[in-house]
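Read through the structure below, which is laid out as structure tokens, and then see the notes.
When the chains are written out, they are named A, B, C and D in that same order, and each has its own residue count from 1.
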Amino acid sequence: MKTGIVGASGYSGEVLLSLLLDHPHISLTTVTSRSLVGQSVESVFPSLRNRGKGLVFSASDPEELATNTDLDLVFLALPHGVASEYAIPLCKAGKKVIDLSADFRLSSPEIYEEYYGHPHPYPEWLEKSAYVIPEIAPSGWKDKQLIAAPGCYPTSILVPLLPLFKESVIGTKGIIINSMSGVSGAGKKLAEDFLYCERNESAKAYGLVKHRHLSEIEEQLSLSAGTEVVVQFTPHLSPMNRGIVTTIVVPHAANSIEQVYNTWKLAYEDKPFVSVLESGTTPDSKWVCQTNRVDFSAVYDPRTENLIITFAEDNQMTGAAGQDIQIMNLWNGFDETAGLV
Amino acid sequence: MKTGIVGASGYSGEVLLSLLLDHPHISLTTVTSRSLVGQSVESVFPSLRNRGKGLVFSASDPEELATNTDLDLVFLALPHGVASEYAIPLCKAGKKVIDLSADFRLSSPEIYEEYYGHPHPYPEWLEKSAYVIPEIAPSGWKDKQLIAAPGCYPTSILVPLLPLFKESVIGTKGIIINSMSGVSGAGKKLAEDFLYCERNESAKAYGLVKHRHLSEIEEQLSLSAGTEVVVQFTPHLSPMNRGIVTTIVVPHAANSIEQVYNTWKLAYEDKPFVSVLESGTTPDSKWVCQTNRVDFSAVYDPRTENLIITFAEDNQMTGAAGQDIQIMNLWNGFDETAGLV
Amino acid sequence: MKTGIVGASGYSGEVLLSLLLDHPHISLTTVTSRSLVGQSVESVFPSLRNRGKGLVFSASDPEELATNTDLDLVFLALPHGVASEYAIPLCKAGKKVIDLSADFRLSSPEIYEEYYGHPHPYPEWLEKSAYVIPEIAPSGWKDKQLIAAPGCYPTSILVPLLPLFKESVIGTKGIIINSMSGVSGAGKKLAEDFLYCERNESAKAYGLVKHRHLSEIEEQLSLSAGTEVVVQFTPHLSPMNRGIVTTIVVPHAANSIEQVYNTWKLAYEDKPFVSVLESGTTPDSKWVCQTNRVDFSAVYDPRTENLIITFAEDNQMTGAAGQDIQIMNLWNGFDETAGLV
Amino acid sequence: MKTGIVGASGYSGEVLLSLLLDHPHISLTTVTSRSLVGQSVESVFPSLRNRGKGLVFSASDPEELATNTDLDLVFLALPHGVASEYAIPLCKAGKKVIDLSADFRLSSPEIYEEYYGHPHPYPEWLEKSAYVIPEIAPSGWKDKQLIAAPGCYPTSILVPLLPLFKESVIGTKGIIINSMSGVSGAGKKLAEDFLYCERNESAKAYGLVKHRHLSEIEEQLSLSAGTEVVVQFTPHLSPMNRGIVTTIVVPHAANSIEQVYNTWKLAYEDKPFVSVLESGTTPDSKWVCQTNRVDFSAVYDPRTENLIITFAEDNQMTGAAGQDIQIMNLWNGFDETAGLV
């Protein structure tokens, strides 16, 4: 299987490259970046030295890529709005596409426009694509040609909540979600706010009250609940490179803790990258960093009648590159854990 | 005014020492610690070198301290349960006492026992003492002999919420509170969990669902609301030395944002250490670190009808030593900001 | 005494502002920045909220400043090459100037050009100015009108070495200096290399073999030794906001440790910001952070016959703003420690 | 090949476990720890969840291990002095042993006693063992039964220097070495000095002037130079979990830079984990973290006639567990990179 990455200049691109270079079932033939043309992968990412297999960044014209016979599957690591300009020609040329951007995450072009500020460029392709978190992907997703990989926060919210919604174990109203993320979640952005001295020894909330990821979170929650779900989502920055910790408070959850665990057990028992911790054990982002695993657990608070779910993932693995590899593995019939730990 | 610190071996003790050594209106005559007897303040805390004024740690017998004529006011930086053994003799001897422990923070001995695991040793003293966050202290507190300084988290919750409760601007049900704290909040504890490599590059929730500070948070909220208030409080650790950021979600807050700001304005307009940020500006713990100031703001989310309050403080200043100095200043008629920035 | 800061938009500018706002003997009348005109100090630096005294950034025309009657003393926090364009008119107008840039640190215009890449714009002013590290300043410096404050690394090298050179306690050949600096030393630079995720969890040497500070280090060492001194200086970045730790290896130092300590004692006994630690106690940058104090000590290694000096300072205090205040204090007859800890 | 780890409770043990669990050519049959008996690997190290293959810590009696038929090769992750008590019986029973402690790193029992404070318990075994850094191991090492893996600092010094000494490219006198290490290098030690708040935002030198690793550094340098070599080695702590950066200054190195590079090329051209950077490119510990690769380069300073070598490794990979796996691979004829990146 010949694969390529379009736009691999950022933090997720680097992790994706690293995973693909060592993947047992594919060969990485093409790496493109408008700003890095002609530079070797090893010189751009010194962490990959001695492992870059001579790969050099090339230019990234969509039509040219579409006719590239050395490409069966392409990862798009491009900004929102740009990704779709590559995705469509590649799909039309018969190639499989895993898109890391938000361009095909939503089924509603209206909500896309509301959250991303411009009309969706290819609304007719929204139903030809699937939004895939591997553990909770819709049946039939493997028949699509275009897979939208989720944002980093949504996985930490959808994995614990979706099975509970599907089985009506918890109510859908009044859910409050707080997340803490490492700084790499913002990407390699040259902004004063992301300088070392600004983020080090600092914590803060941001993205109130309508972070872009909220759109995909609510769409997926609503789909699984069969009713419109509205949640309060507040992300925070924490001074660390990687990791997301999410705390979800579900009100009016009296007596549901056992059902919660039973539902999770049924949904995730055989999933290699899911680890449901016993009630009372709170996950630590450190435990999952550098892995594609997620850890989560729940406690019930009889005083407030709330269920509190806490969740940890590596935002660069489960929240980005690791999950992308997992999608590729499942899509192509490889072992789900191939190339991942 | 002659002051002393009993038990100044930890992180808050060090900051308290630093502030008292430079305070313009007091002289620091006595510093005690069972484990540091005979050692100079400068040798124990190298950060205070050239500033220690020859102070040496002495033994800390309560009766001896009670008869010490070089002491008008004493700060107790002792573990819960131990502090009261010093507080009572000192108070009886006519000295003013500011207690940093939890021993006199609650008015109910039953709740003390529920949260701290042993009967309150001096329940009759609970009404002779006052729980004081300077900005929202009960009238008459200056006539008490014993002041209980609050825990680090409660200030970040009570300062924004209490005026709103008093004026019935928001409801009291279903409030969800999440905090992120720097690691110094746990004190100088020799436990594997607080080793550098464990906390660095790590975030996690802890203390679910009944962190000890919850007891004082709920008591104060209930007092100001005039009804029993139950909240969901989930603290988190963030990899930084100092700082607390708290995010509070208040449900069913339709149309109250203007009233919220008006109420805060009335309550805090002339408070030197309170900074109410305009709606949409989210505070950063970095902005207040090394200061005794608190920053907070609120936004209203019309989709959820929730009010979201975000708050930042330095847990070692406002959350501990800085606030203690502020209490001393007000209690003794000094300028409120004396010795503080 | 009316003071101003020209160009206070960076990290050192912020600390300088903070110190001047609370200084007991001066009033801060003017703060300029080309990029921040019209913005209040409090809005630009949220850390200064409630303390900014209404100060607003103004434009910074040299001639206008020269005629500003609200300015007796001006701090220049400008880039190399730009500072001198302000310094000369201000000096000519009779104002005292403390220049934080490198423009007047060197006495040789040739070496200036070698290290800074352009001819010195005002070579005739080099002898009208003085390079001042307060503890080791040349006699007569107070009569100059223009003071060049040193770079952050030089203080950590010159304070321990200069008295030893003056007294010929150690030789001048083969000295090897390694420094570790916090990231704020690089200033508030929008470069990928200074993004949080690049510097966090990273250590590296940089600036080999001719870091700009080497020019002033060697000039001062040569002046005090009375012979040309050449040293090996290798700076390193350490993932922390503040702090410099310097390790100096002096060869052929047999039997000099006692003399070293005697010399330091004579030179620094009455200096409020110098703390000479006993041999065997190694300073920690944490001990001096947020203070203007420096800590250092030496050990002799009989196996190698080397003397090893280790030194710690806060690069934003002793290495920048704190030292600037100290210079102002001494220059104007204030108490040396006024406004500093 | 059946392998085991004795004493795997610390940071290096955890990384070693992680690497062995996924190694393609061995099965990990036994993991012992006196303090963790009966606990599962997954419960002790949450980072290994879903990967622990049911392994449970067992007791660690040397004789019992010696007769364990499920063990062909054993890694000893034990304290100095304890390791040898296991090594000898295991070797006598015909098992291969890779010892991570210092017990067999030195060939001289006198120097062992000088640096480790007690007589060597099995001096007769010193010549039956080999000190192995894979890239520069002595010929014949594979015939030994007992391999001493090096300390974390020595690799960063010996890899760049040894070939230069062997080929007499540089002199052996007056070499000055400074290293910066992440905090995990100290192990999982419950000491105040290693608490998060002590190490965070702190840099310092330590271990002056006779750090234990100096003994193996000087012995190996002397062996390769054919003359007694004495160096100045000063380690420093940097606030990060992992990584070592070493800066070596070699005096009197006029005109040797080309020879240096030629020598390194000959020695390391085909080594998969060595990356010699071009002169002027300074390595960053971040580039090699989570890999078993080392990066280094050199520059010549014509002003001082010094050669400056800078080097980076991951102290938990190349400096510990990664190198141990590499030794196992080579010793047993596996591909050198098996199970490593």
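One rule holds for everything that comes next: a contact is a pair of C-beta atoms (placed from the backbone, for glycine too) under 8 Å apart; a residue touches a chain by one contact, two chains touch by 3 or more.
Model, not experiment: these values are computed from the prediction.
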Option in A-D, B-D or A-B whose residue-number contact pairs overlap B-C by over half: A-D
A-C or A-D, whichever has more C-beta pairs in contact: A-C
Length of the line joining the C-alpha centres of subunit C and subunit D, rounded to whole Å: 39
Computed distance of Cα centres, subunit C from subunit A, in Å: 46
Length of the line joining the C-alpha centres of subunit A and subunit D, rounded to whole Å: 37
Overlap residues in subunit C, where contacts from two or more other chains coincide: 198, 200-201, 239-241, 284, 286, 289
Overall pattern in which the protein chains touch one another (line/ring/star/complete/other): complete
Residues of subunit C touching subunit A in the complex: 11, 183-184, 188-192, 194-201, 239-241
Residues of subunit B defined as touching subunit C within the complex: 18, 22, 46-47, 49-51, 201, 272-273, 275, 283-284, 286-291, 293, 295, 341
Residue numbers on subunit B that touch subunit A, as the complex places them: 174, 176, 178, 180, 182, 198, 200-206, 208-210, 230-232, 234, 236, 238-243, 245, 247, 249, 251, 280, 282-286, 289, 299, 301, 303-304, 306, 308, 310, 312
